[in-house]
Amino acid sequence: MAKKDEKIDYVKNGKRVDGRKVEELRPLTIEVGVIDNADGSAYLEWGQNKVIVAVYGPRELLPKHKQDPRKAIVNFQYRMATFSVPDRKNPRPARREIEISKVCSEALQRAVFAERFPNTVIDVFVQILDSNAGSRAAGLSAASVALADAGIPMRDLVASTGVGKAGGEIILDLNKFEEDAPDAVDIPIAIMPRTEEIVLLQMDGLLTTKEWKKCLELGVKGCKQVYEVQRAALQKKYDAAGAVKGKEKKKEEKAAKKEKVK
Amino acid sequence: MEPVLWALKTDKVKAALKEEKRLDDRALDAYRDIEVSNEVSKNAEGSARVRLGKTDVIAGVKMILGTPYPDSPGEGTISVGAELHPMAFSEYEFGPPKPDAIEVSRVVDRCIRESKTLNFKDLCIKEGEQIWICFIDLYPLNDDGNLFDAFSIAGLAALIDTKIPKIEDDKIVKGEYSGKLKLARQPLLSTFAKIGNTVVLDPTMVEQKAQDARFSVATTDDNYLCAFQKGGFGGFTGAEIDSCIDIATKASKMVRKKL
Amino acid sequence: MAKKDEKIDYVKNGKRVDGRKVEELRPLTIEVGVIDNADGSAYLEWGQNKVIVAVYGPRELLPKHKQDPRKAIVNFQYRMATFSVPDRKNPRPARREIEISKVCSEALQRAVFAERFPNTVIDVFVQILDSNAGSRAAGLSAASVALADAGIPMRDLVASTGVGKAGGEIILDLNKFEEDAPDAVDIPIAIMPRTEEIVLLQMDGLLTTKEWKKCLELGVKGCKQVYEVQRAALQKKYDAAGAVKGKEKKKEEKAAKKEKVK
Amino acid sequence: MEPVLWALKTDKVKAALKEEKRLDDRALDAYRDIEVSNEVSKNAEGSARVRLGKTDVIAGVKMILGTPYPDSPGEGTISVGAELHPMAFSEYEFGPPKPDAIEVSRVVDRCIRESKTLNFKDLCIKEGEQIWICFIDLYPLNDDGNLFDAFSIAGLAALIDTKIPKIEDDKIVKGEYSGKLKLARQPLLSTFAKIGNTVVLDPTMVEQKAQDARFSVATTDDNYLCAFQKGGFGGFTGAEIDSCIDIATKASKMVRKKL
Amino acid sequence: MAKKDEKIDYVKNGKRVDGRKVEELRPLTIEVGVIDNADGSAYLEWGQNKVIVAVYGPRELLPKHKQDPRKAIVNFQYRMATFSVPDRKNPRPARREIEISKVCSEALQRAVFAERFPNTVIDVFVQILDSNAGSRAAGLSAASVALADAGIPMRDLVASTGVGKAGGEIILDLNKFEEDAPDAVDIPIAIMPRTEEIVLLQMDGLLTTKEWKKCLELGVKGCKQVYEVQRAALQKKYDAAGAVKGKEKKKEEKAAKKEKVK
Amino acid sequence: MEPVLWALKTDKVKAALKEEKRLDDRALDAYRDIEVSNEVSKNAEGSARVRLGKTDVIAGVKMILGTPYPDSPGEGTISVGAELHPMAFSEYEFGPPKPDAIEVSRVVDRCIRESKTLNFKDLCIKEGEQIWICFIDLYPLNDDGNLFDAFSIAGLAALIDTKIPKIEDDKIVKGEYSGKLKLARQPLLSTFAKIGNTVVLDPTMVEQKAQDARFSVATTDDNYLCAFQKGGFGGFTGAEIDSCIDIATKASKMVRKKL
C-alpha cells in the first residue's frame, strides 16, 4: 500500500515485477474431466488462481415458463469460495458475481450451438477456489473446455485473458500487484480464436485510444496462447477430435429422440 | 406487449437496417433528442431528470455520513443503485435486483468511479472516522430503450447539481450546504446495438429487442476512454469496437453540451 | 427541533406558518398522460410533494392461482425514491410503504368497476419523487386520475387529503412542520366525492370526539377541492368525457372479446 | 376450509343480519366473552394471553438495551411485531410478513405509541448512549376473527404486566427487576365489520369473510380517540364512523375492566 | 456464570440442585385439544417449558411437485416465540430451529402410517412459548399427542426427553442450570416406547462409551415416564381408544373417497 | 438421474445387502479410499481437499477479527458453514441454505466445538475487545455419498493446516503468520446407513438413496464420544447404536492416520 506513493517500475529491462515478460501469461494448466457426476468438467490453475468448473446439461429448464423454444440457455454461474480471497467473502452471491455470471453466460451463448437444444438449460457452475486477479478470465476459459468435455457442439472455444495498463506499461494478464497500480486499467477480454470475434469485453480506468489499440492487439495474442492450452488439455483427454465428436453426436441423437417423443 | 408483436416489430427494424435506415429516421450514429432538467427532489442533495427520446429517467444524489473502510481510512466513496421500476416498462417487476439492474448500475458506477471524476480524498471528513458516502440512485420512468446512456447522463447531471451538506458537531445540518461537489471530469456512456451486421448508437426499445449484441463505451471530456461493457449474445469485431469508440467520442461531446 | 419547547402559534390572525388559511390546501397541480408505455398515468405536485403514477391493466394476473374469477384486483404499489426524504431511504420497501399500498389498494378497489374484468390485475405504480407530509394523499389522488386516464370505468374518482390538528388548531393539509407539532394529529382521508363515502381513513394522535367532527367536516371539504383539480386535469387532456368514454368502451370491448375466446 | 363452504356460511351471516341478527346471537354492538391471563412466559418481561370468544392470542414483552436514534438522544422506543402463525388458521403461512400482518402490527403500534401511553423519555437510561427498546410481539394461537382487538387487548395486558430489568454496569441482571413499566393511559382498539349496510362490533371469522369493509377505532380511558384504521374494499359514511366511535367508547370501557 | 469456577455438586445426597432425584423428570402436564381451528392440538408444560402444538392434515401438499405419491410428508415446524428465551429471539427462523424441525419431522415420520395418505402433508406446528432446556423434547412429545388427537393413524406415540451429564453425574431431563455445567453433555432422545426403537438421537459434549450406556438406559426410562403422561392426557380427552379410532376411521374414509374421485 | 433409475439401483443395493454384500465389494464396516491434500487456497489460513471414494470436498479456514459476545468476553469462536453447491450433484440448487446443508454444517460444528478441540480462550486477543472468529467453510465438488464424514475429515484437516495471521496495531498483517492453530484433540464423524436391517459404514450415494435411517457418531483420538446425530425416517435399536459406536471408534483411528 505504501508502495503506491513510490515510483515503481512495472516493467524494467523487459521484465515485470514477477519476472514475466510483457506478453507473457502466468503459468497456466488445465485438466479435463475432474467431476464424476457432471456431464463435463475442468480444473484450471493460472498463477495463484484455482478454478473448478462443472457442466450439467443440456437438461430441461424448469420452471417451464423460463424455457426458450428456440434455444438452450447457457447459465454460467460464477461463485467465489469464502476463503478464495484475502478477506473472507460473504457466502451470499455478491453483485460482482452476478454481473460476471451474466456477461460470461452471454459470451458462451455465442459459442454454443444453442439452437439445437430448445427448451433446455446448459448449467455451467464455476467455483473459484483461490484467486489473484483474472479469476473471471480463468473461469470463462475453463468453462468452455468443460462444455467441450460435455460434448456440447460449439462454434469454437472461448479463450479469455486479462490485459491492461500498470505504471504506463501495456501488459498481458495483470496480477494483483499490477492491478493495484495507481493508474491501473484492467480489461477482461474473451474471443473465439478462429474468427477473433470478441464475445466478452469490459474495461475500467483511464485509457487513451492509442493505448486501447495496443491492449486489443496484446489481448488477442494472449487469448490465443490460452487457446493452445485449452486445446492441449482436450487433446490430452480425448484421442483428438474423435471422442468429442462421438459425444456430440450422442447429445444430438438424444435431442432428436426427445423431439420425436413430443 | 406479446412476444409475437415484438417479433413483427423487430423484423421491421432489421429490414430497414438492411438499407441503413432506422424506423425513426435517425442516422446510425445519432442520439435521439435529449432534455435535461434538475429540481426533481428538494430532499436530494442533487437530482436530474433526463429524457432521451421517449426514454425518461431520474437520478438523485444523497450525501450520507459514514465510516471509512479500514484499508482506505482517508477516502469517502460512492454507491450507484438502479431499480428497474415496473412503472417504466411492462416487463419489469418489483423484487430483489435482477442481473439486468445490477449490470447497468455497476457499469454506471465504474464509469464514474474509475474515471476518477470524484476525488475520494475530498469525500473524507476526518481520517479514519468520518466520510461522505455519495449515493446515486437511478430510476426509469419510461423505458423506450438505452437505459445505460440515460442513466449515465442523469447520474452525471445529478452529480453536477449536488451540494454538500453543512456539518456541525459531526452531524448534518438539514437544509444547509457548505458548497458544491467537485468533479474532475465528465464521463459519459455511449451505447451501441449490433443488429445483424449493422451497429447503431442509442437503440430504442424495439432496436434493443432486435439486437444481437450490445457495446457501451464511456468517454471523458478530456478524451479518455474510461469504461467498456459488452453485453448480449453476439460478438463484435475489433474494427466495430474501434468504430464505436470514434462515434462515442464525438457523440458524447454533443451530449455534454446539454449538461 | 428546539422549537418544540417554545410556544408556537400554528394559526395567528387566521394565517398558518406558511401563510395558508386554515382551510387552504398547498398549491396542487396535476398533469395527465406522462408515461408513454403505461395505459394511464399522472404527475402531481402538491406543495413539496412530487408524485408520478403509472397504471398498467387490466391485464392477466399471474401466477393464475392469485386470480379472482369475480373481479379485477387493484394493486396499488406505493414506493418512495431513496432521495425523496431527508435521510436516504433504504431501497427495499419498508413496512410503512407496504401498509400504505394495502389501504390505498382497498380504497381504489371501491371506486373501480372491478367486476367487469375478472381474473385480471390493475397495477397502479406510485413513485414518490419528493415528499413533505401528505405523500399518500398525493399518491392516491394522482392514482385515481391515472386510472381514469387508462380508461378504467369508475364509480367516481377518489379524492384524498390530510387533515388534523397542530397547536390545538384543526387545519387542512398539514405540512411537515405542522405534522411535527407536539400535539399533532394527522388524518389521511379519502372519499368518493359524489356520495362522500369514506374509502380511506387513518388517524393517530390524541383527539377528542368533538375535534374529530371538525376534522371530518374539514377533510371532506378538502377532498372536494382536490376533486376539482383532478377533474380539471382530466378535462384538460380529454375533450370532456368523450375521449374517456371512448377508451372505456374499448377496454370493455377488449374484455368482452377475451371472454368470447374462452 | 374451501371457498365454496365459506360462501355458504357468509350467505347465512348476511341473511341473518337483514333481520339484525348474528349467528352467535350477539347484539350488533357486543363483544364476545373475553378472558385475560398473564404468566405466558417467565422469560418475557411481561406477557398475556387473551381469549376473545374462540379467538386466542398471546403477547410478550422483551425489554432490550439499545442505543438511541441520533435525532432523539433522550428517548427509548417500542417495536410491535405480529406473526400470522399458521398454527392459528389454515390460510396462514410461514414466510416474510405479509401485508395483513404488517397492517395489524402497525395499527397496534400506533395505538400505543401515538396515544403516549409510554413516556419515551422514561425509557432513556443514559442520554445519547443507552435506552430501552420495548419489543411487543404478538402471536395468534387460534384465529376466529378480529385479531386487531385481540392483539390490542393482549398487547396492553402484557405492557401492564411488564417489569423493567435491573441494570448493573450497563448490563441487564438476568432475573432481577427495578420496577414496573409506567403507563400513562390505556388505549384499546375496537373493530367493526360493515356487512351490507349493517355494522357489527368484534366480527367472527365468518363475519370477517362476509364483510365489505372494516373500521377500527382506538379509544383511551381518559376519553381520547387515538387511532383509526379503515380497511377492506367498501366505504363508510360519516354517520357510520360516528356511530362506531360511540360504540367503541362504551365497549372499550367494558373491556378495560378485564385488565 | 461465576459458579462455573466453583465446585458444584450436581447431585448431593441423591438430590439435584432443584431437589429432583437423578431419574426424575421435571413436572410434566399435557392438555389435549386446545386449538379450535386445528385438526389436532396439545398444550404441554414441562418445568418452565411451555409448548403449544397444532396439527393440520393430512391435506393436499402444494405446490404439487413437492408431493410424494407414496406417502404423506410430516412437516414438523419448531419455532420459538421471541419472548420465550432470556434474550429476545429474532423472529426469523434460526438455523437451530430449522435443524430441530428436520430431525423431529423425521422422528414423527417413522411413527405415522404415512403411506395411507399419499400426496399429502401433515403439518405439525410447534410454538415454544417459554423455555428452559429441553424444549425440543417437549415439542416432540406434545406433537405426537396432537397427531393422535387429529386422528392420524400411528404405529405408536413418540416419547422424548433429555438425558445427559453434569458434574460427572448421569441425570435425566437436564434443566438450564445443569446444561450449563462445564462438562455438560446433553442428549435429546426419542423412542417409540412399545419397541424402544430410537427415532431421534443427538448428542454433543465429551462422553465415554460407558457413560453413554448409562445415558441410554436412563433416557429410555425417561421416555417411558413421558409416555405415561401422554397416554393419560389422551385418555382424559377420549373415552379410551374408541373416540380415537372413530376419528382415525373418518380420516381413512376421507382418503379413500379422495382416491375414488381420481 | 430419474427417480425410476434410482429405484432400480437401490433395489440392487438392497438385494446385495441381503447377502451382506455391497455393490462396491466393501466390508460393511469399511471406509472407501481416502485421500487428503492441503494447499487448496493460499488465500485461506488453512485448507484441505478430501476424496472419499468418488466423493470429493474442500474445506477452507479464514481467521477473521471480531468482537466477543457480551457473555463470553474472553473467548473467540468458530463458525462452520456448508453449501451444497450444484456443481457436485444434479439435485442441488443455489439459494438460501436448505435444511440438509444446515444440518450437516451444524453437526460438523458441534463435533469440533463441543469436543473442545479448540480452546476458545486461545482465540481471545484482548478480553472484551478483540477475538478470532475461525470460519470453516465446506463445499462439495462431487457428491457420491456421505458428505458428513467427508466434510468432517476436510474440516479437521484444514484446521490442522491453519496458521494464525500476525497482528499489528489491531489489524491483520496480510501474508504473515504468528504460528499454527492449536488443537487439543482430533474429532471425526463416522456415518452409517441403515438399509433394511443392515447397517453399513460410509454409504455411497446410491446406498444413501436406499437407506431407511442414518446415524453419525463422532469420536476423538483420546477415546471420547463427542457427537451423535440420527437422521432419516427409520429408527435404530440400542444395540445397533452400540455397534455403530464400536465400528466408528476403530474406523476413525484408520482415518486419522491420513491426516
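Here the chain labels run A, B, C, D, E and F in written order, and each chain numbers its own residues starting at 1.
What we mean here is this: a contact is a pair of C-beta atoms (placed from the backbone, for glycine too) under 8 Å apart; a residue touches a chain by one contact, two chains touch by 3 or more.
Keep in mind that what you see is a predicted model, and the values were worked out from it rather than measured.
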Notebook entry, point to check: Can you list every chain that touches chain B and also touches chain E?
Noted result: none
Note to self: So which of D-E, A-B or B-C matches E-F, with over half of the contact pairs the same residue numbers?
What the structure shows: A-B
Note to self: As a quick test, compute the distance in whole Å between the mean CA positions of chain D and chain F.
What the structure shows: 47
Item checked: Computed distance of Cα centres, chain F from chain A, in Å -> 31
Next item on the list: Please report how many Å separate the Cα centroid of chain A from that of chain C, as a whole number.
Entry: 52
Checklist line | Shared interface positions of chain D, touching two or more other chains | finding: none
Checklist line | Sites on chain E at which at least two other chains make contact | finding: none
Checklist line | Chains in cyclic order, anchored at chain E, direction fixed by chain F | finding: E, F, A, B, C, D
Next item on the list: Note which residues of chain C are touching chain D in the complex, please.
Entry: 1, 95-96, 98-99, 101-103, 106, 109-110, 187, 191-192, 196-209, 212-213, 216, 220
Notebook entry, point to check: In the complex formed with chain E, which residues of chain D make contact?
Noted result: 40-45, 47, 54, 56, 58, 60-62, 64, 81, 83, 85-90, 94, 135, 137, 139, 141-144, 174
Note to self: Considering only the defined contacts, which chain D positions touch chain C in the complex?
What the structure shows: 71, 97, 99-100, 102-103, 105-106, 110-111, 113-116, 215, 220, 223-238, 241-242, 245, 249
Notebook entry, point to check: In the complex formed with chain B, which residues of chain C make contact?
Noted result: 34-38, 48, 50, 52-54, 56, 59, 77, 79, 81-88, 91, 93, 123, 125, 127, 129-132
